[in-house]
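Listed after this line are the structures, all set down as structure tokens.
You will see chain A twice below: alongside chain B first, and alongside chain C after that.
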Partner chain A sequence: MSGEFIAFFVLALLTIGGAVFMISFTRVVHMVVALAFTFLGIAGLYVLLEAEFVGVTQVLVYSGAISILMLFGIMLTRHDATEVTERKGPFKYIAFAGIAVFFIVAFLGIQSAHWGDQQADFTKQNNVKEIGIQLFTHYVIPFEAVSVLLLVALVGAIILAKKEAEDE
Partner chain B sequence: MGAYLEQSLGWQNGFIFVLSAVILLAIVLGFVTYSIYFQRKILGWMQLRIGPNRVGPFGLLQTVADVLKLLLKEDIIPKAADKPLFILAPVLAFMPAFAVLAVMPFTESLHFADLGVGLLYYIAISGITVLGVVTGGWASNNKWALIGAMRSAAQMISYEIPLVLSVVGVILMTGSLNLIDIVEKQKEMGMWFFIPQFLGFVIFIIAQLAELSRTPFDLTEAESELISGYHVEYSGFRWAFFMLAEYVYIFAMASLTTVLFLGGWLPPFEFLGFIPGIVWFAIKFCAIVFFIFWLQATFPRMRVDQLMQMGWKVLLPLALVNILITAVLKTVL
Partner chain C sequence: MSIPVTSYLLVALILFCIGLYGALTKRNAVIVLLSIELMLNAVNINLVAFAKYGMFPNISGQIFSLFTITVAAAEAAVGLAILISLYRNRNTVQVDEMDLMKR
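Presenting the complex of A and B:
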């Protein structure tokens, strides 16, 4: 039993456990905290796959920024906000059927995926450098397009916020 | 330490890992104990007082007694608090403070993980503390704690941006995020990064004070005017954990400043190279810690609106200018 296996086991447990708790908790804030653990577990899995840059970015963006943003949003509303939308009747069965179909499709998809014969070897390369080179040579136009998209979203958010402030 | 990480995990290696982590924890706890003592002594002298001098010789055991008191205190959890999150919050706040030390190189050979993305790791992990602070403030079910948590989170997130952008200059000049590579580059250049990256250094120092919630940015606590911040409902050892996280961050931030801008374990002059690197590291480290306490005794506190304006309207543009200048200089030279 190697250290990698133990680490994978712990991280997988953290990821799945966080996701399951996120669904089963009733208080919204608890859900967000559980979700933060899932994000951390996923980041750990990335690190196990030698993609430490992606892993660290995952922590920075999801566990850090997104979780805190969600907490901010929820906390400023009601303190004891709980989800009590227990729907009865046929809805439950339809949802269950949908999940079953999704599981079968995803399972078959993973089973039939062709990963190539050779395993890619990333162990000796500088992860960050390679990503940087790829991003700024082959994918420079998508990169710039994404940055423009983010800028548009930023400006849009400011305009929306300003409008609300003026209305008051 | 690096050689051990390459080997497969057995009982012996696992034992060494655990043991070295425990030793580091002991060193950090020792630092925290005596940094509080020195803080109180320095503040006392600067304000023409004596400082703690009753418990033990020269008051050396004062902090030990204080910690003992905190540990023996009754464990109080408010009735209306959200119990699981109330318990989880101090852990969430403290854990990242210790985890960031894993990438800190103290000397060439004395370091834990030699991570390619070391600097980014530090910044990413330290962001999780905010989660602990916000959770703690909310779980207390106290409006003052919630306001304190919001303030604290807003301050930490706002100043994280200039903090990250101010070190981009260093990363550009080194071409690596690895903390050991950054020190090696300073050795190669023959000067420490605070000279070519002076603007970045100043922004980093200011932003790090805000990240640590130290004076002049300590308005998340503001002992003299507010009823403390997000941890107003905490007492005993849970409160001690929040405080511990704060002081461990001082340890981590002072180490990071030493490594990034003050040449880590490098001696200031070549002929002083016979003194081991760890001594140089300790001297620079102590100088930064002293600097932080010194500011505490001499600076007034900033107002909230000034704080936000300073972060977004002054430090952020300056950091961007610093990146631009560094990038231009790097391409031209």
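Presenting the complex of A and C:
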């Protein structure tokens, strides 16, 4: 019990700490690096929940691809960018109050709900094999739809980012 | 006795709230996109946690989270492409200066 608890505590601290640093840093590049740590912590949480395949996918897609993509986005736009001021006026405080209310309501909901004590035992089966079997039998149509979606996103992103370069 | 599912839900809730705050208040559009990714990640934690500890523990939750990761990656790529196109035209990445349809 204690080992799992310590692992959970460290990973949760890494995850939330990265997110809080993302909010409080002023330089944009630092924010992206802090969020990369958050993504790694989330991958660790997945491994703790016995979802190894999802954890490795998280490391590949988020910590690898999306962090680097966002760094490229910053470098291509304004690489000395600092978050000098946030939005003006009372909007920030209104947003904070609204989110605080949402947090309290959701927290009370989580505390009062009861989900029972049952627990899936994924240790006996091969995680990747089970996901593959499910994905290619029960979820084969969403799987193909997602492949088309990725192709459309690839072509669309290239066209969107390329079109203005031809005009210059 | 292992870690209760409430702990995972609480971590996901905190991450979601931080992501929502960042998406609403930050001015740099890249950071707004990253905050949206953080919110999607919080949802993924819920899905994977319920796949192990939920009412009907099943591997479907992990598969759902894989689909969510795929859609989020596509969203990030298209969002960044729009952002670069906008930067070429308007020379800004601050969201409060993107008021072309308001003027």
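General observations
The working rule: the second predicted complex is superposed on the first by the 148 of 168 C-alpha atoms of A that agree within 3 Å, B and C clash if a C-alpha of one lies under 4 Å from a C-alpha of the other, contacts with A are read in each partner's own complex, and residues count from 1 in each chain.
Note that a contact is a pair of C-beta atoms (placed from the backbone, for glycine too) under 8 Å apart; a residue touches a chain by one contact, two chains touch by 3 or more.
Because the structure is a prediction, the values reported are computed rather than measured.
Taken together in the superposed arrangement on chain A, chain B and chain C fit without clashing.
For chain A, the partner that touches more of its residues is C, with chain B and chain C as the two candidates. Look at A:L14: by the touch rule set out above, it reaches neither chain B nor chain C. With both structures placed on the common chain, the touch criterion links A:V33 to chain B but leaves chain C unconnected. Once the two complexes are laid over each other on the shared chain, residue contacts for A:I42 go to chain C alone; chain B is not touched. Contacts of A:T57 after superposition on the shared chain: both chain B and chain C are touched. Chain B and chain C never share a C-alpha pair closer than 14 Å once the two structures are laid over each other. Of the residues of chain A, those at positions 53, 57, 65, 72, 76, 127 touch chain B in one of the two structures and chain C in the other.
Residues of chain A that touch chain C in their complex: 1, 4-5, 8, 12, 15-16, 19-20, 22-23, 28, 31-32, 35, 38-39, 42, 45-46, 48-51, 53-54, 57-58, 61-62, 65-66, 69-70, 72-74, 76-78, 81, 83, 85-88, 91-92, 95-96, 99, 102-103, 106-107, 110-111, 115-116, 118-120, 122, 127, 130-131, 134-135, 139, 142, 146, 149-150, 152-154, 156-158, 160-161, 163-165. On the chain A side of its complex with chain B, the touching residues are 2-3, 6, 27, 29-30, 33, 36, 40, 52-53, 56-57, 59-60, 63-65, 67-68, 71-72, 75-76, 79, 126-128. Residue ranges of chain C in contact with chain A, taken from their complex: 1-3, 5-11, 13-15, 17-22, 24-28, 30-31, 33-35, 37-38, 41, 44-45, 48-49, 51-55, 57-60, 62-63, 65-67, 69-78, 80-85, 87-89, 93, 96.
Listing the residues of chain B that touch chain A in their complex gives 8-9, 14, 82, 84-85, 88, 115-117, 120-121, 123-125, 127-128, 130-131, 134-135, 138, 141, 146, 149-150, 153, 157, 176-177.
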